[in-house]
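What follows is a single structure, written as structure tokens, with notes after it.
Chain IDs A, B and C follow the sequence of writing; residue 1 opens each chain.
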């Protein structure tokens, strides 16, 4: 029993030490900063004030938030639709090529995402590869205007975040017990029902994990709307970036961050509350 | 069954194509005989020539890889420890810890970067490799935790009961039962963390020091004046090297079995 | 296993290897504005090892230097109004001109500018002008003369604008006859209203991909830097630049030494090196950016020296306005309008 406690206390101490230094402290800094002011000589200074939060109640900011939410949401959904089957197929493969195939998914992402975004531009721009091919085959007359629109932004987001959806789902699908699926079949369920009633609920933790890992970055990424979207509208990531860098208003930027965190945490809590009857909520 | 396999293979191929077409474009364009245009202008080797005489870029690349490996390993270790503890133990502040993890993922990079810089300045930590390493582990850990935990909760808790009944200590359970069962998730988490670390720009900007150059910062700095195909050449070389290594590893493993 | 650990530790510690003072220099600059060969030449001549770190916008460099007063950098490259701001916040060293014998090579027009009235803190290096570019396959030369021309309906969804708050607002302010460094909230609001009108003509905001956008004709007209336009014109002969009649903004990238720089002597040596006429000429030829170094300018080949896009004649330069610092509050106002502008469609 003694060794038990040792291991447990050691683990917990290490974890708490790390979390305190690198999660709690920075977080407290952000909260404190959001309640402070700033001036020409100091980035963050007294007096404390709620003004930053009051300024948030602004129709422009709300629209920016909504727009980011919608684009991130659609991108996440598409990632799920595209990524789930992929994760499912690979996870269920018996072959020893499995980890190789997994690595093949990841390797492109070890290339700088900026350079890959430029490659995407080279493909979708007016004189780009896609349009040149389509025109050459006579499918269209005029080049498609994809670049510098919201579609380009979503393509960019999906392209960059898809592995974050695939990996968690994969690790989850691997745990799927084939016997449950067989049992369902024996009981007369068709493939669709089996999928809906057995597979989806059992892989829900993976789906949620993947969605979180995609949705959250999608909300705050800033260079994709800039490069692929032509910077014609501001998303949340750009907004916060601007507060920190251009306006040099760190308290305001911190306030944005705090509110964003609060809203998303609330959403997650709502989800937890709604699914509280469901056993699988023990995920959270 | 054949149609299923055919359908599966087609789907897999399409997705791989989706991932790889931009890479192929990237490689092809590294031979593009133009400095700034993104349209094809003819074939040339000059970017590769430029690349191989540019020592600084290679040093930065090596630094990034080293940092990535170190961060991924550190993050996977700490993240795994956290996920397992969250799963197995009930301790005061457990929910709070949960919340902290989410907050880490939710924080925009610039906020994390700025906060960490303030923290490091306060503790008089000189900016350089250490500050980068700590920062990278910091933002990778939540991804590890989320990935690992989602696999943990599909475990059958009875296994642990049985092991405990047989007299195994927590440590043994950890090593003999949890780790092996978790290894795919750990592998996936390591890969995710490595990917995140290799590409991080904003946080690295804030906490990097003058003596440890990393690649993403060099690349982003070229954005203002236009990215030259020399970078494409670099990315192509890196890509080919990694793919070769992975293929060789796979072949080596095959020989073993 | 042991060897692996030792190797790992050695690698870990190498970055910490203490380097002899003043045989090291930490430069923090725009990578594309200081060519590699210049750095290597400096290293060879002086034996000082240069660690070259890069950033891609002034704001992030400023944020870092401001937060950690001991950033470890010896030489930085702030643009015009950042010199103003950083000097006022006591982040820069006053330059000891006695250590810069090549100071005399600087073009006098760039000395004592509005953002550094006694040229105490900054060494002008490279400059640029924001004006209008157009592609003569689509528009005749002579059609475009002023900023206000861009508001014309035939440019619907054709324009490229720089993705920079101040540059875009400067355009509107200049069009309205105000200064590009306007503090007056009324004027700024007027500029905002004018810009809202312009939005439907804008196809893309960009700073980084500007050159490729011009060359590949993703946008055929708009706002750009003269240096970028010159470089684009070398790959696409149809691209031209004009200096708007109402006036235009001129920015200057300078070398400066932050306070608490650990290797000041090396810093002075580097700056003096870059001020050499031959070095300035090489930089200008290699980067295609206009140089602020008169002695270097004189050594340039005629094709570049006489190009009016890169080196406009004096009468044109009279309309140039240096960017000065606006102060946090005014900047916040600009930023607020910028956000509303971008969300107003």
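Just so it is clear, contacts are C-beta pairs under 8 Å (C-beta built on N, C-alpha and C of every residue); 3 or more make two chains touch, one makes a residue touch a chain.
Since we're looking at a predicted model, the values are computed, not measured.
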item: Interface with more contacting C-beta pairs, comparing A-C to B-C; value: B-C
item: Per Cα centroids, the chain farthest from chain B; value: C
item: Length of the line joining the C-alpha centres of chain A and chain B, rounded to whole Å; value: 15
item: Centre-to-centre distance between chain C and chain A (centres being mean Cα positions), rounded to whole Å; value: 34
item: Interchain centroid distance [CA atoms averaged], chain B/chain C, Å; value: 33
item: Numbers and ranges of chain B residues touching at least 2 other chains; value: 38-39, 114, 118, 220, 223, 227
item: Junction residues of chain A, two or more chains touched; value: 118, 121, 125, 127, 244-245
item: Overlap residues in chain C, where contacts from two or more other chains coincide; value: 57, 60, 63, 67, 208-209, 216
item: Touching residues (chain side chain C, partner chain A) in the complex; value: 57, 59-60, 62-63, 66-67, 88-89, 163, 165, 202-206, 208-209, 216-218, 327-328, 331-332, 335, 338-340, 342-343, 345
item: Chain A residues touching chain C - in the complex, by the definition given at the top; value: 38-41, 43, 60-61, 63-64, 67, 118, 121, 125-127, 147-148, 226-227, 230-234, 239, 242-249
item: Footprint of chain B on chain A - complex, ascending; value: 3-4, 6-8, 11-12, 14-16, 18-19, 21-27, 29-30, 82, 85-86, 89-90, 96-97, 99-116, 118-123, 125, 127-129, 159, 162-164, 167-168, 170-172, 174-175, 202, 205-206, 208-209, 212-213, 216, 220, 236-237, 240-241, 244-245, 250, 253-254, 257, 260-261, 264-265, 268, 280, 282-284
item: Chain A-facing residues of chain B, complex; value: 8, 11-12, 15-16, 18-23, 25-26, 29, 38-39, 78, 81-82, 84-85, 89, 91, 93, 97-112, 114-116, 118-119, 134, 137-138, 141, 143, 146-147, 149-151, 153-155, 169-171, 174, 184-185, 187-188, 191-192, 194-195, 198-199, 201, 215-216, 219-220, 223, 227, 231-232, 235, 238-239, 242-243, 246-247, 250, 253-254, 257
item: Touching residues (chain side chain B, partner chain C) in the complex; value: 34-39, 54, 56, 66, 70, 114, 117-118, 120-121, 126-129, 205-206, 208-213, 217-218, 220-227
